[in-house]
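Take a look at the structures listed below.
Common to both upcoming complexes is chain A, partnered first by chain B, then by chain C.
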Partner chain A sequence: MFEQHLAVLPVLLPLIAAPLVVLINKPRAAWLLSTLFVGACVYISFGLVSATMDGGALRYALGGWEPPWGIEMRVDSANAFVLLTVSVIATLVLLFAKESIASEVAHKQLPLFYSAYLLCLAGLSGILITGDAFNLFVFLEISSLATYTLVSLAADRRCLTAAFRYLVMGTIGATFILIGVGMLYMKTGTLNMLDLAERIQAVESHRTINTGLAFIMVGVSIKLALFPLHMWLPAAYSFAPSAVTAFLAGTATKVAIYVMLRFVFTIFGAGYVFEQMNMEIIVLVLALAGIFQCSFVATTQSNIKTLLAYSSVAQVGYIILGVSLVSLTGLTASLLHIFNHALMKAALFMAVGAVFYRMGSVQIIAFQGLGRRMPWTMSAFTIAGLSIIGVPLTVGFISKWYLVTAALEQGNWLVAFLVLVASLFAVVYIGKVIEAAYFKEPSEDADATKIKEVPVSMLIPMWLLVLANIYFGIDTSLTVSAATAGAEALLNGSSLVGGVQ
Partner chain B sequence: MTVLIDLILLAMLVITAFRIIYIKDLFSVVMLFGIYSFLCAALFVTLDAVDVAFTEASVGAGISTVLMLSTIAITGRKEKLSLHSHTFATLIVLLTGGALIYGTFDMPLFGLADNPVHEHVAPRYIETSPTEIGLPNMVTSVLASYRGFDTFGETVVVFAAAIGVFSLLGVRGKPTELLAQEQGLTQHKVLRVVAKISIPLIILFALYVQFHGDFGPGGGFQAGVIAAAAFILYALTFSLRKAVGVVSPRFVKYLAPVGVLLYASVGLVSMLNGANFLDYNVLAADPVDGQHYGIIIIELGVGITVFSVMLGIFYAFAGQVEKANVQ
Partner chain C sequence: MNLWASISQDQLINLAIFIPFFGAFLVGLLGKYPNLREAASIATSIILFTVVLAITDNTFHGTLMNMHWFDLFPGLSVSFLVEPLGVLFALVASFLWIVTTIYAIGYMRGNNEKNQTRFFICFALAISSVMAICFSDNLLTLFIFYEVLTLSTYPLVTHAGTKEAKEGGRIYLGILLSTSVGFLLFAILGTYAITGTLDFKPGGVFDESSPDLMVGLLLVLFCFGIGKAALMPFHRWLPSAMVAPTPVSALLHAVAVVKAGVFSILKVAVYIFGLDTLSDLATTDLILYAASGTMVIASIIAMTKDNLKARLAYSTIAQLSYIVLGAMLATAMGVIGSAMHIAAHAFGKITLFFVAGAIYTTAHKKLVSELDGIGKHMPLTMTAFTIGAISMIGLPPAAGFISKWYLLLGSLETSQWVAVIALILSTLLNAAYFIPIVYAAYFKSEPNDQKHQSHGEAPLMILIPLLITAGMTLFMFFNPELPLALAKQMLELSL
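Right, the complex of A and B next:
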């Protein structure tokens, strides 16, 4: 019975847990229940990854109605891989959140916080595994609403403005996606993704479909924070509670990138989007512009959360860059970096969260001299930071390696060169923090004797991520094969549409 | 004839939209929003989408208006003059509008029988839903059964909104002193009498919409909103204190997740019976009966959640108005 429902459980479990948590209304029990359910999602995601590794897909007809009349969940190696990333990060952040969130969110609100967290996860999982374009929008709404709530729960009141801006931008993005899906429906009479892919061919060059593509691309670009539509992200990441930032940085933009991949490769088809509409030029230029502009802005920040937020926008640029190359290696690099970047950014934001837990500040001045007082936290920050830079033996290196290879494959020396140059910015902004932590004396007003390492329950998830950064930087067989399988699934999707298979 | 009606309605819609942009008095803006929603609802009726019209009228014109009014009770009635230049924003809006118009050029003509939306998925709903599901209202068959997972998702969206509002504004505990003195609109005798007569009727109508949704327009979403409207009307005319005495905010907070769980439990029972999530066929010996049971229960779940969330959000907003009055 369990096997039969494998493809729907990642979204059902958190969806059922979220209302339960509100009914229980006890912070500790709420946390425990959430962790159990989310942990179960990790187990299921592993099952899904191994079940789809051979290139097959699991389909699940909800209500027993066969698609396109009913809604189906459809898991292939592409979304299984992203789903695994999301559920692993969600679990580790929950472990971290127990202490971290308790210190940042009012005690009374904790059950509601965990409920919103579960709703957010359920929404993200739903977006990932659904095979229906409108159902995707419904889950997008769930995850977005929950995200705005999560961002707005920090003690710093500035989070309200950040959440409001995020809400306005996010709603515009979601509306654009809905308008686009509506146009597709009008021309094809279906909402099922595979069915859409098949029927869209007959009407491919129609102006309504072109407009639908434009609206969906712009809407998704807002959601994934593609330069220059990223302005909501730095504020939201800076003012959200630490654990929320760690969670969002590892999951939310990644899922939006998946949505773009799904629409481009499975529904519209790469041939239409890239050859006919020449989207790859626009996307490539925006990705590179984002990498450089946001990396540069990151070097000028003194608030470390803002610094890392700008770095995140730049990293989104790398992922999109891989997509714009439209090749197996490029897509593999993108999927790899979705996973790898989740590992490093979640670890970095956890480390910053740990500093906030002790210092009550994330300004660079608070980091001074922390190398000695919070050795575990700062060494975690350092290793994850090296990973962002792309130093060998970390996952960051693997991502960059595949990205540069993909660029060179097409003889695109300029792109390969620019990717490497952009890494120098990361050296500057990560180096700045490391310098403060290890080579500067603590600032005078900080009461030095009171500063000590954070509780073990915060260090364990942080270090699990750091170790994963190193492990998957050395043994790449698992991640690369999963990412390659995912890239193949996406490309096959479009060749299936093109009638090659 | 319908073309004429459509044209008039659309023209009024455009005029209302322009008024909303230019008027600086927020109270008038809220009223115009209500009118805008009513015009939309009327348009939906001419499109034969009565279920959608129903929802638009009750949510857009009803509850949203009340919530926006409670917001301007806190923030003030006048729009602040913006010092920013709007040129770039106007350009973006014009570009978006232009793109939308460009998109209409290859759209299938309005109302033709051989449009893709009528030819691919829809025929199956029309031809086999009477025997597969057996409901006269096909919209309910599609929403509650064929695409029941979307409806489950939408119920969760409503719940997620409540989580957001409750965590930001708080759920009111015991009534404060100020609230205890509140008398409601005692001077307005006519209002009180009209409210007294209409509230039971509204509740009765909500129940009718809830359980008659299988046969005519309606269902859990509309019923939940209408029922909540009755309680909000009670709170507005007879004081919040009395309304809170009837249905307390804490109760509402715990009721919201119950509706979602009720919906989910139908799916879980299907799973226990060996079928897929939300497959109602296995709920009874006869699949068509199973569909009926399933749809009635999930609609009830939707109604419970929508009712409690709407009322809960109103309570939360009213709590803020009260707080603002104290200060």
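Right, the complex of A and C next:
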């Protein structure tokens, strides 16, 4: 019975669980229920990935209304891959959150937290699997509203300003997307993605379509924090509860990047966006500027959460850079890095969350001497940090390898060189933390004797991610083939149009 | 004499890499029992040496040994293949590891150093990655373990934990990582983009269809990207690394790490470019001049250093450029000279560092100007120093003479007058900064200030290793057959 509904379950399960969690209203039970449901999503995502590996797509007409009139869910190898990433990160963060959130969010708000978390996940999954442009906007709003709530739940009052700022920027972004989608609807009279794709091809380069493209690109760029539209992100990441930051860093921007890929490759078509509108130049320059500017800013931060947030914006730049190369290798590099970066950043934010759990601060001074007192946490940070730097035998190296190869394939030696040089900034900002942890004495005022390792329930998800960083840095067959299949599905717009399961 | 005849010969490669690795593990486990821990270190180093001997034996009998670990990317694997040059380097490194381990135990205990367990763990890990570099079959494998070597030696440089040590560590990591990521990785990816392969192949991987300009650029990127070879202006990390305890400076920053650098350059020159391609490239001369310049400039800087270890560090920078220079001559003579110099310089320089450490442990002196009359107290130590110095200058009867002979022949043969002049100048400069030390030690009288205390030779754990390496420096002058044979075998492969 579940088989035929497989494609819609990643949205339905968290959506069903969200109100249940509020009704139960007991933190432990709420946590358990959420974990069960999200864990089930991981299982389903695995099923979806293996079902779409051969290049086919799963289609599901919501409520039995056939597309293009009804809303269609559509899973191919591109979104199945991102979906798997999101649900795995969501599960691991939930495991981590049990202790971490309990110390950062007021006790009676805990069930609400889990509810918002589930709604956010439902929204993100919805964005990924929907085949309808307007429906995508709806899910985007669901996930965004839930995210604003999650950010504002932290004990530190500054999170409220951060959440409000995020809300303003996020709403502007969503509005832009809505306007863009509206223009497409005006011109083509349809909202189904495949239908849109066909009709846009027929009328391409019309001024309304061009304007629609511009609105959508700007709107999505805000959501995915493309330089220079990223200013909401560092504040939101810095003041949100640690587990929320880990979750958002691994999922929210990744899904927004997927939205961009979907619009560019499936709906508008790469030929129109890149050859006629020459978008790749704009995107390439912005990506590079973002990589350099934000990597540099990261090196100057003393709040480690902010530091990692800027690093995230820079990493988004790498992903977008891969897209702007408009080739199979480039797109593979982007999809790979979506997955790989989720692994490393979630691990890093968890480690920082663990430090906050014990020290009550994420300033660099709090990290001093932690190498001895919290050996597991700091070695997790070190390995994930090496991965961000791109040291061989970690996933970071794999991403970098593909990205540079993609640039060299096109004879773009300058871009290849810049990508490598930019990764040196990561040496500086990660090195700063490692040096403090291992080669500095603890600061005087910290009550050093009480600082010890965090509970095992926080270490396990952190170390699962760290081990994944190493495992997928050595055995690349799974990730590379999934990313390649995804890239092929995106580039192969024509096969998508007719492709029925 | 193959102690390991009973196992598959291909497995010897794994053994060479994993024995030090498990040694590190064992050292960690035994951290609470210093005597057992040290016994584990020594046993590991001896076992490793027997493995490398077995590999050498096989190489001379023409047995091909290779080992495939896994495919990192489709068509690109982490794999190993034994070839003569790697054997030479592995022999030198693994033999000196035994000697250095004994020395390190004496030194670390003599100076009551902290964190000795971490020290010996990182040391073993570094050797493990050196073995992997020696036998790597392609640039990808080489690069991976090159980076592992950088990272595993970083805690050794910052060992003291002082502000100075951290500063040194930062420069160390900063320069080595930025050159390797910015230039070396770029060169590797560029090579892959042009040729579609990263395998070391006798005769090189580039052919007529490869654009000359790009290939020339790649050579420059390789030579400067392999920052461990300390070609100027990317040499600053080496003097900075001297804040490490002396055994680290001795084995890693006079032998293993820096030799991994020049070894990589030599390997890239012979197996990626090939001597024919190399001699046609315009940029080969450029690197040759850079190496010549480094030789002379580093020697001049060495003269100005009063800190003995700093002087030795700049001497190392100059000597490394001998090897780069030999590779860039792109002739048989040059390459043989380079290969010989990897061994010759290793024995000579490690002796000098051992002496510096012995003086520091016994007399607590770090400066050249404090060494007046020390020869009377430490006659054996200073004799060893003299032998090392003679080898650096390149005089008989020390090993340095042989390699310099080949390098000079190679330079004359190709009429590289810049190289000839640089070699001669460097010889004179070497004499100018080593002979005064020897002179002061034996013929100047001791200052009569309160700092001076009566002392004798260093403890045996320190003294014996430095006598062994000094002896080896002399021995290699009279018996250079083994390294010569390996160097010639490598050339036969590529012709």
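The rule we apply is simple: the second predicted complex is superposed on the first by the 493 of 501 C-alpha atoms of A that agree within 3 Å, B and C clash if a C-alpha of one lies under 4 Å from a C-alpha of the other, contacts with A are read in each partner's own complex, and residues count from 1 in each chain.
Keep this in mind: contacts are C-beta pairs under 8 Å (C-beta built on N, C-alpha and C of every residue); 3 or more make two chains touch, one makes a residue touch a chain.
In this text, all values refer to a predicted model and were calculated from it rather than measured experimentally.
**Q** One more residue to check, A:H206. First (chain B), second (chain C), both or neither?
**A** In the superposition, A:H206 contacts chain B only.
**Q** Would you check which partner chain A:E435 touches, where first means chain B only, second means chain C only, and both and neither mean what they say?
**A** second
**Q** With both structures fitted on chain A, tell me whether chain B or chain C touches more of chain A's residues.
**A** Partner touching more chain A residues in the overlay: B.
**Q** So, A:L112: does it touch chain B (first), chain C (second), both, or neither?
**A** first
**Q** If you stack the two complexes on chain A, which partner ends up touching A:L153: first (chain B), second (chain C), both, or neither?
**A** first
**Q** With the two complexes superposed on chain A, say which partner A:T405 touches: chain B (first), chain C (second), both, or neither.
**A** Once the two structures are laid over each other on A, A:T405 reaches chain C alone.
**Q** So, A:W413: does it touch chain B (first), chain C (second), both, or neither?
**A** In the superposed model, A:W413 contacts chain C only, not chain B.
**Q** Considering each complex separately, which residues of chain A are in contact with chain B in the first and with chain C in the second?
**A** Shared contact residues on chain A: none.
**Q** If we count contacts the way the header does, which residues on chain C are in touch with chain A in the complex?
**A** It is residues 70-74, 143-144, 147-148, 151, 155, 158, 161, 165-166, 169-170, 173-174, 177-178, 181-182, 185-186, 189-190, 192-193 of chain C that touch chain A.
**Q** Considering the complex alone, what residue numbers of chain A touch chain B?
**A** 1, 4-5, 8, 12, 15-16, 18-20, 22-23, 60-65, 68-71, 108-109, 112-113, 115-116, 119, 122-123, 126, 134-135, 138-139, 141-142, 145-146, 148-149, 152-153, 179, 183, 185-191, 199, 203, 206-212, 214-215
**Q** Considering only the defined contacts, which chain B positions touch chain A in the complex?
**A** Chain B residues touching chain A: 99-100, 102-108, 115-122, 124-125, 145-150, 152-154, 156-157, 159-161, 163-164, 166-168, 170, 253-254, 256-258, 260-261, 264, 267-268, 271, 274-281.
**Q** Quick check: in the complex, which residue numbers of chain A touch chain C?
**A** It is residues 386, 389-393, 398, 401, 404-405, 408-409, 413, 416-417, 420-421, 423-424, 427, 431, 435, 438-439, 474-477, 480 of chain A that touch chain C.
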